Amino acid sequence: MSLLEKAPPRRPAAATARAPRAGLRDEHGRRVRAWELVLRYVLLLAVLALTVGPFLWQLSTSLKGPTEDIFSSPPKFLPGHPTLHNYQRVSATIPVWDYALNSLKVATANVVTNCAGSALAGYALARLRYRGRAAATLTFVLAMLVPVEGIVIAQFTTMRELGLNNTLVAVVLPGSVGAMNVLLMRNAFRNLPYEIEEAAYVDGADVWQRFLRIALPSVKGTLAVVAIFSFMGAWDDFLWPLIVLSDPSRFTLTIGLNYLHGTFAGDERLVAAGTVIAVAPLIALFACLQRYFFRGVGEGAVKG
Amino acid sequence: MASSTVLRGRRVKRQLPTSPWLFAAPGLLIAGAFILYPFVSTVVNSFTDRRTLIPGRFVGLANFRELLHDDMFWTGLRNSTLYVLGVVPALVVLPLLLALLVQKNIPGIAFFRAAFYTPVVASVVVVGLIWVWLLDERGLVNSLLETVGVGRVGFLSDQWLLLLSAMAVTVWKGLGYYMIIYLAALANVPRELHEAAAVDGAGAVRRFITVTVPAVRSTMVLVGALSSVAAFKVFSEVYLMAGPSGGPAGEDTTLVMLVQRTGTGLTGRVGYASALSVVVFLVTVALMLLVLRADRREES
Amino acid sequence: MPTSRRAALAAAAVAVLVLPLSACGSSDGKGGSTDASGKVEGDITFQTWNLRANFKDYFESVVAGFESKYPGTHVKWIDQPAEGYADKISADAAGGTLPDVVNVSPDLVAPLAKAGLALDLDKAAARYEKEYLPGAWASHQIPGMKGTYAFPWYLNTGPLFYNKSLFRKAGLDPDRPPRTYDDLFTDALELAHKSGGKVATLANVPTIEDFGRYGVPLVNQQGTAFAFNDPKGVELLTKYKQLYDAKALDPQALTATPESSGKKFLTGAVAMNPGSALDLDNFKKQAPSLYRDIGITDQITSTGHVNMYVMGVMVNSRTRHTPAAVAFAHYVTDAAHQMAFAKKVAIFPSTAGSLDDPYFTKQDGTDETRVRVAAAKSLKTAVNYTPVLFSDQMKTALRNEVAKALQGKQSPKAALDNAVKACDTLLRQQG
């Protein structure tokens, strides 16, 4: 580990990168060869087709007008008369904004509690030495392994005993500090060289200060991962909110969108539009956060 | 590891004695109250014949004995095990390659990164519907195969192809997820290592093996552990593609599907399903230990 | 290993603590009375199953009407989405948070009644019985128990749709669809043969209602065990096996769901599909080209009685306001409200005499009306073939054994014997 002694964030390479322009340079400041660039784009586009293609079909279905055959065979990809009408119909059929707001509340709360809780616990597991640390780690590992499908009703009973059923708090609580997130944070903190904190320690920083000022900023990337995972988890969850909520005004988006599968005759276009509504915010969030994953890699790269 | 012992050694005493527990408390409380405590009642139920609405009587190991004679249980165990074997290697390697592909900052890369992540954020129900449509007897994949001259393939009617298709969907959906974990890890690989290797004249492949892999090894182990646990507990992908009854004649049923099928609803056999849950739990614990042990052996 | 012993002790201690907690859930006899004769008042909750998106206004007006008829009552209407309804009810039933008045189907009522959570209407509301069709009233009675556990609500049944152009292509007369099982099997084999195995006629493996409609006795005389492994059942399954081998039964039928087989019909991969008046609208919206060539024919039965589905409204036996809950359940399902609901969506009222309304007897030349009138007529003798005690687990067991027979892994006889055995075991385990 001592070999990986982490250099301070300023990279010497950053300087060279800004030097003579012409062409692209990689993160090490070396010029990227043309054939390599082409190869990269070809690969990127191939993976892109594979990952996004199916969603484009969903998007296309959601834009198809009421006179278009969506089950024709062979399938048609482009809507003949694209229309946003289906989106209006979704919001006319269900209070989609109310549901989205509930989902947003739940997801945001989940992000905050998970980031805080798993960073604290991860730090304790990785850095602090105390009796019972192994037991604490084991607790989280076991919690991660419990098959959720088998405990939903017991969880519901617990919530009822706490008088929390039918509240958004109850939706958040069981996943508010995800065991897997704790273990991710623990991994991140463990990979930090001790020397960084040692210096702060010598300067008289106590454990809270070291945690907040030194350790936490160094694991921003993993924190962003935890943030996006917990947002996504809360946003997509269906069974637990369904079980614990009974009042439709508190329903989250995933439950609400399920209404679009009508008891009498569902409409694929509506379902498709609902899907797009559900996925779009997550993609936007990811697009915003993704640069944090590349912290330290991105500097000194393209820029010209 | 030498430096860490120094830090631990004498300085620990000056920390507040309670702070480690204070740090871990919220997480432990949540895991304990809402995951582990409910699971304890599952363990208790596994020794009873409890039904959803009918309180159980203690039946000892009867549920576990019944399990051994239940063909469906063995089918489920087989399928869940196959799932681990099929999915985990792909999920350890492919996302790493993908992470390397999107790591380099070339124009438009932010778009690609976000795009590759879309399968992860879409709910598994949507993903299932889309893939069922694609792999249908008359779906897109089959029309392509027919034009190429391969002919139609019964992806959704053959028990093995169904399992394979579900695995493909799991890998497809997991790529972006584990890609992110790798990206976070790659960001921590000091570029000096790469530079040193490049100066030594190492090519891309050799740098991958000598620099990248060792540097993200602990992450690979983590991904291996996470994905094998998730694969063993697979439910949604198979449920959506093979149908609630688990493929033709139930041959694609996985263990968690069996838990869901026997234990939920108003006529659920909670006791028996709990016994199944306990088995699933024990197997995943064993899997985890296996991965960690393999890791340790390699390290030494 | 000392630790494991300590752990075992701890587990045992926890077990003692948890058991009484987790074992609650039924028959502590608290709250609620079966006496519905008191004053109709109080706050009650009414839960429907996926009806909010399209019928919000209707239900709000029903609630308002009830509240003004009985001052001092307040009804809170909640609606649950389509998916996970049984899970939601299970959690509520186990947790003691079941609403006062609940929209149910017969298979949901049975376990609730057995757990003492459904009010016996023969005791609490016997005077309303005569308002409903006798068959509909009886559909919420449970073998082995006395009493009726839900008001009948809307009924549904429907014709068999077929794709005329596929019939034409196979050289069959599109205006002479099959009317008997023999015709059906012959036509199906012809369609598969002519299309080189590309067009199947049926998309689903036989379910319990199919056996019932074919004239197979499903349950023994006493209602204590299943009996669909009789020669007639074996005959039907043997026929299906022939269809499957000829690809006249869709190869994906073994994994099909009602939704997926509906889609197969929409894409023209399957020539016939059972449905209801509701589907007409669906075809119009989703597959306009198919709709132009749609054929409609009667359900095929050997018994002369078509299959129907029944929805019910039950009263929670633990409700604190029994009179109000019973009054409301009756109010929602009375003739006037069922008629009003039936005019909003293509379903059928279960109240006596309603089906004689001109709405259900007079043709006006449209396909919708034609289907509606025919269905209303057939409903008078329709049967809900699915046995009340036939749980989801049993459906899966039957389905999987049938699949093995179709694949040729076991004979039809052996398959049905195994299915009956499995279902009987499940029946006993349900307690």
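When the chains are written out, they are named A, B and C in that same order, and each has its own residue count from 1.
By definition in this document, a contact is a pair of C-beta atoms (placed from the backbone, for glycine too) under 8 Å apart; a residue touches a chain by one contact, two chains touch by 3 or more.
Protein identities per chain, from UniProt: A, B = ABC transporter permease; C = Solute-binding protein.
In this text the structure is predicted, and so the values were computed from the model without any measurement.
Identification of common neighbours of subunit A and subunit C yields B. Using the average of C-alpha coordinates as each chain's centre, C ends up farthest from subunit B. Compare each chain's C-alpha centroid with the centroid of every protein C-alpha atom shown, and the nearest one belongs to B. Chain pairs A-B and B-C differ in how many C-beta pairs they share in contact, with the greater number at A-B. One finds 39 Å separating the Cα centroids of subunit A and subunit C.
Separating the centre of subunit A from that of subunit B, both taken as means of CA atoms, is a distance of 16 Å. Averaged C-alpha coordinates put the centre of subunit B at 36 Å from the centre of subunit C. Shared interface positions of subunit A, i.e. residues touching 2 or more other chains, are given as 73, 153-154, 238.
The residues of subunit C that reach two or more other chains are 21-22, 87, 90, 94, 267, 269, listed in rising order.
Multi-chain contact residues of subunit B (touching two or more other chains): 41, 52, 138, 264. Interface residues of subunit A, counted against subunit B in their complex, comprise 1-2, 4, 6-7, 11, 13, 24, 26-28, 30, 32, 37, 40-41, 43-44, 47-48, 50-52, 54-55, 57-58, 73-75, 113, 116-118, 120-121, 123-125, 128-130, 133, 136, 139-147, 149-151, 153-155, 158, 173-174, 176-177, 179-180, 182-184, 187-188, 191, 193-195, 197-198, 201, 206-208, 211, 221-222, 224-225, 228, 232, 235-236, 238, 254, 275, 278-279, 282-283, 286-287, 290-291, 293-298, 301-302. Subunit A makes touch with subunit C in their complex at residues 66-73, 93-94, 152-154, 156-157, 160, 165, 238-239, 242-243, 246-248, 255-256, 258-268. Interface of subunit B with subunit C (complex): residues 40-41, 43-45, 49-56, 132, 136-138, 154, 156-157, 162, 242-250, 261-262, 264-269.
Those residues of subunit C whose C-beta lies close enough to touch subunit A in the complex are 21-22, 47, 49-54, 78-84, 87-88, 90-92, 94-97, 99, 263, 266-269, 278-279, 281-282, 285-290, 345-347.
By the touch criterion stated above, subunit B contacts subunit A in their complex at residues 1-4, 6-8, 11-12, 15-16, 19-21, 23-24, 26-28, 30-39, 41-42, 52, 98, 101-107, 109-110, 112-127, 130-131, 133-134, 138-140, 143, 172, 175-176, 180-181, 183-188, 190-195, 198, 215, 218-219, 222, 226, 229, 233, 235, 256, 259-260, 263-264, 270, 273-274, 276-277, 280-281, 284-285, 288.
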